[in-house]
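Got some structures for you, see below.
You will see two complexes here that share chain A, one where it goes with chain B and one where it goes with chain C.
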Partner chain A sequence: MTVAAEGSPPLRMARAKGNALLRSEPAQGLALISPTLVYALILLVLPILVVIAHSFWTQNYLTIDRTFTLENYRVALTEPIYRDLLWRSLCISLTVSLLTVLLAYPIAYFISFHGGRHKSLWLFLITIPFWTSYLLRVMSWKVILGYNGVLNSGLMGLGIIDEPSTALLYNSTAVIITLTHAWAAFAILPIFVSLEKVDRTLVEAAKDLGDGPLRSFLRVTLPLSAPGVISAALIVMIPTVGDYVTPKLVGGKDGVMIANAIQAQFGKASNWPLGAALSVTTMVIVTMMAGATVLVIRAVQRLAR
Partner chain B sequence: MRALRRFLSGGWLPAYAFLYVVFLYLPVIFLPIFSINTAATPKFPLSGFTLHWYEDLPRTPALLDAAWNSLVVGVSAAILSTVLGILAARSITRYRYPGRRTINGLIMAPLVLPEVIVAISMLLVMLQLGLSLSLFTVVLGHVLVCIPYSMTVLTSGFEGFDRSLEEASADLGESAFGTFRRVTLPMVAPAIISSLLVCFTISLDEFIIAFFLTGTEATLPIYIWGQLRFAAKLPGVLALGTLLLFASFLLMTVAEILRRRAARRTQNEGGLYA
Partner chain C sequence: MPEQPSPADRPRSERAMIEIRSVTRSYGAFKALDDASLTIGEGEFFSLLGPSGCGKTTLLRMIAGFDNPTSGSISVAGQPMEGIPANRRPTNMVFQSYAIFPHLNVEQNVAYGLKRLKLQGSEEKRRVEEALAQVSLTGLGKRLATELSGGQRQRVALARALVMRPKVLLLDEPLSALDKKLREQMQVELRRLQQAVGITFVLVTHDQYEALAMSDRIAVMFGGRIAQVASPKEIYQRPVNRQVADFLGGMNFVKGEIVEENGASLVVDTLGFGRIKTDKPKAFVRNGGSATLGIRPERLRVLWDNATAKFEVAGKVVERHYFGEITHLIVEIPGLEKPLSVTETNDFGADDIPVGTSIRLAYEPEALVAMAD
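== the complex of A and B ==
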């Protein structure tokens, strides 16, 4: 209805009064977006601020003691269990983002350069599995990798192994495989978009000037698609570091990640401030890792040119 | 040497693309396969065809409750996030103002934040505000994560929207509401329906936020999560999962067709992929 309300009268006024539109345009735009913005402020920004505040407080049973303390951060950063979990989460998310980008790049390249008329069909084909429940996809990996699972029974049926392998499920490799699969499409899309923007005449020019396919790819296409690679890496890295379902279902004891510890603080262990501090620490560290990744990719990009 | 040249010029790409699609679809396909298998554990060789697991589903009251809850949450979240998405997408595509990119980034942020952290932050605030956890709090959470998707779909429908059509309608004497109903709405309706379907699907499948923000009532993914503890219940879960899978496929396919129609009407491509 608001769309209707701002439909046409402002336009007429605008024509009547020269730059009135210019002056009122920001106001109109802001007014129109404000409900959504307020929603995001109340349910995203405010909650994050509350979490940050909690991370400096302490909890006695059910009451929160609001005196400032860094104790939670000391625990989060020095207790071996949290340090290990954090370290493992970072390693897993870095590996997963590296793998997804490496696996996704050729596909994005193929669709962009050789997709022809069927580009959007390809993209649709690749994205559709990802609109299915994440929980279900993790569950299917459990079915595949389990002791009595698809892979074990299949390999035994083919006579490749004699007894089911326990090495497949309940470790960090299982977590990495599952997450790599789960985030594949999210890596393809940004890379595809940046490849679409690569000026094809530049690639032609490189070829005309004597570069072979590999050199022209490395010196023209790849550096120009770096922004897509960067956003793909970040889009995968940041959410996976805090993944909860995958480690819980396929990670076992060796695949537990920081999100499971965070959840425990808000559930069984009931120590909100520590849970908050763990969340903030995770976000800060993964942001730093993301920043470092951006710098590395940019450096490589500059070297390649 | 020739093989190498072929490799470098990308001759291997179609084969790779094919394998990649297999990798993407294979895990998902096992759910339907084992949901019609007689054995209680999912393993090869398959032991026989049955629809037994599906027949059991409607006889489980807890599941029917969960399905109803999911429907209520999904419809509410879809409508709310699409309304908020319409406002934001219209503002972003039509107006230029300072801070536009920042605001856009903020609204899109839930897309790239770890869901657990988004969920526990909302949990903390809701408990502080004294809201008791219920399906309502789940809807609030789902709306937050659905808005970015709604925005993406709607932006592709609204971008390139020719304002002169609205002006023409106004000049020809149509009222503001008439212009909206007879010019604006028909142009953007497919995008709006597409956004509703996308948001409903996301809400239907969403687990983490519902897991943290619900009280005693379960949505379908939470019901599934609870059943996963019991090995004997797995075939039933696989059957339910298969139904959810097909529902999502269907909804997203319709949504994509509509989104493309909307994008074509406003002569614009991109959308979910841009």
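== the complex of A and C ==
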């Protein structure tokens, strides 16, 4: 086939032309990502545009009024209920990402520095909880924290409490515990990768220059692994702000988050424009918070020098 | 081979800075270092020389405190080092990869170890600047490590260690990553610096010229054992065995029959060089009736035209290799198993001797030294 193609001049010319186009590196790169790019455009950018458009409209029962208005944003930003929900969502996601990074760092450190030949086995073990569905993992926390749950029976069996505590489940603490567990692996992996990149001779050099284990960690290992900490914090923070399932299942009345309110607007309340405005507001605030987190970690890193 | 002390084996200074006594480091059945004993004097420039895997870096890391002996003891400045971690030893190290902290600039790198000493701001600044001046890096303090050339990184590593004013500076192949010209320049500078600061330097290297050019004394190591400890000249001219002789540069080996052996000297009958009387090596163990003698290629001189010498051998040039300032001749001598290599400077036209020419070579009988196999 190739022989035949090369034998016919027009085909060869066409191919040469195509090659010339493909030879430029940007074109090659673009060709390589184009399927994903098209997919992302259709399923990510278009829906966001639709949401943004809706946020400037109003809904009158079943009909959408397409006159431009900022009323939805006024409601989203000033109505106490949405302000509180948004604030709570941000607090929960900030706490969750802080806790997750704090808990994930020692694990990543252990695997990277003391994992020896079994590093990949350790990483593999960490992924095991992800073999079951997210829903099941959230449900299992219900079993642990519930009225007749594992924790209550355990504490009662030990004689620490007399009757089951209702303070464990259906509040924001339950949401924080569940989310921290659910996102642990996503924080461990980036931190592990950045710790792997820390040149071990640098740690030795720090020791040689008089630093004990803690000081050499604080002055060399931690600052050099900051990129991993930043990405871990962002990977956890950004999706947890908008988490819907966890507050729905273990949050109760006290643990409702902004995503639940948005869902209500698109569902029962039938107010798509308000739901859209809440979504856009959340997106903007999350972006700002993510940027602020990066700046804070960088500033701390600079201070540590 | 057991070492017997001789004048050249003793440290230059009376006071010992590092004492290594029967140190062994094993990894399972493998001994990276096998019963090594060594005394390094105060203010000495001492080199550990050997091929990769000979245990020289292991020994250096044990002095620094990054590794511990399986048995034996190390003391620095009269203090036993057992149980003392690297951060509390009076030693500092220049790493092979330099280990410059990438998140800090040159000044911060050099000041790294000083921070812990809690010096006054001006004192710290003064010491950093002094250290940077010592390695000719004045004015580059604000540069990031990533903006430096290899040679500059090496100087930062040196300044960072020197600023701590250690009793011992350990250098792990510090010049191996530099190109030839820079390496030679740094050799001279390092030697000058060591003499200026007077700190004991322990250098690990696999480059024999580097060790010869810089050291007061050298320990040559093979397979985890110390083969010879002596001054560069002694090591080069009177290697204890063929392995050391070979590692330190070219050597022509000549076999002979021992005709006389007494306390201090040997008389050996060789085929090409006739009867040679030579000093008996310290640790000479007679192996039957034969002995190995060695002569360095530059100790053989080409005799031009009708010139004569008291001691000469005649042969035929079989190969000629040109190296710019010198020419390497391979000369076949009747009766000798292997042809001799001869290096001759090119000022008299050794580079023009055609292959196949019959020539005569002059030598001094003292240049032939006996050694163990």
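Here is the rule we go by: the second predicted complex is superposed on the first by the 275 of 305 C-alpha atoms of A that agree within 3 Å, B and C clash if a C-alpha of one lies under 4 Å from a C-alpha of the other, contacts with A are read in each partner's own complex, and residues count from 1 in each chain.
Simple rule for what comes next: a residue touches a chain if its C-beta (ideal position, glycine included) is under 8 Å from a C-beta of that chain, and two chains touch if they have at least 3 such contacts.
Bear in mind the structure is a predicted one, so any value in this text is a computation, not a measurement.
Novice: Return first, second, both or neither, reflecting whether A:139 touches chain B, chain C, both chains, or no partner chain.
Specialist: first
Novice: Tell me which partner A:199 touches in the superposition: chain B (first), chain C (second), both or neither.
Specialist: second
Novice: Is A:94 in contact with chain B, with chain C, with both, or with neither (first, second, both, neither)?
Specialist: After superposition on chain A, A:94 lies in contact with neither partner.
Novice: Which chain, chain B or chain C, ends up touching more residues of chain A in the combined arrangement?
Specialist: B
Novice: Could you tell me if A:211 is touching chain B, chain C, both of them or neither one (first, second, both, neither)?
Specialist: Touch status of A:211: second partner only.
Novice: Counting only touches as set out at the top, which of chain B and chain C does A:261 meet: first, second, both, neither?
Specialist: It touches nothing on chain B or chain C.
Novice: Which partner does A:242 contact after superposing on A: first (chain B), second (chain C), both, neither?
Specialist: first
Novice: With both complexes superposed on chain A, which partner does A:224 reach: first (chain B), second (chain C), both or neither?
Specialist: The second partner, chain C, only.
Novice: So which bits of chain A does chain B touch that chain C touches too?
Specialist: 212
Novice: Touching residues of chain A toward chain C in the complex: what are they?
Specialist: Those in contact with chain C are residues 199, 201-202, 204-212, 215-216, 219-220, 223-224, 301, 305.
Novice: Provide the residue numbers of chain C that touch chain A in the complex, in ascending order.
Specialist: Those in contact with chain A are residues 64-66, 85-88, 91-93, 95, 97, 99, 101-104, 108, 112-113, 116-117, 160-161, 164.
Novice: Could you list, by residue number, the parts of chain A that touch chain B in their complex?
Specialist: Residues 2-5, 7-9, 11-12, 25-30, 32-33, 35-37, 39-41, 43-48, 50-51, 54, 103, 106-107, 109-111, 113-114, 120, 122-129, 131-137, 139-141, 143-144, 146, 148-150, 152-154, 157, 181, 184-185, 189, 192-193, 212-214, 234-235, 238-245, 249, 259, 262-263, 266, 272, 275-276, 279, 282-283, 286 of chain A touch chain B in their complex.
Novice: Which part of chain B faces chain A closely enough to touch in the complex?
Specialist: 5, 8-10, 13-14, 16-17, 20-21, 23-25, 27-28, 30-31, 34, 41-45, 84-88, 90-92, 94-100, 103, 106-107, 109-118, 120-125, 128, 140-141, 143-144, 147, 163, 166-167, 169-170, 176-177, 179-181, 184, 198, 201-202, 204-208, 212, 221, 224-225, 228, 237-238, 241, 244-245, 248-249, 251-253, 256, 260, 269, 272-274
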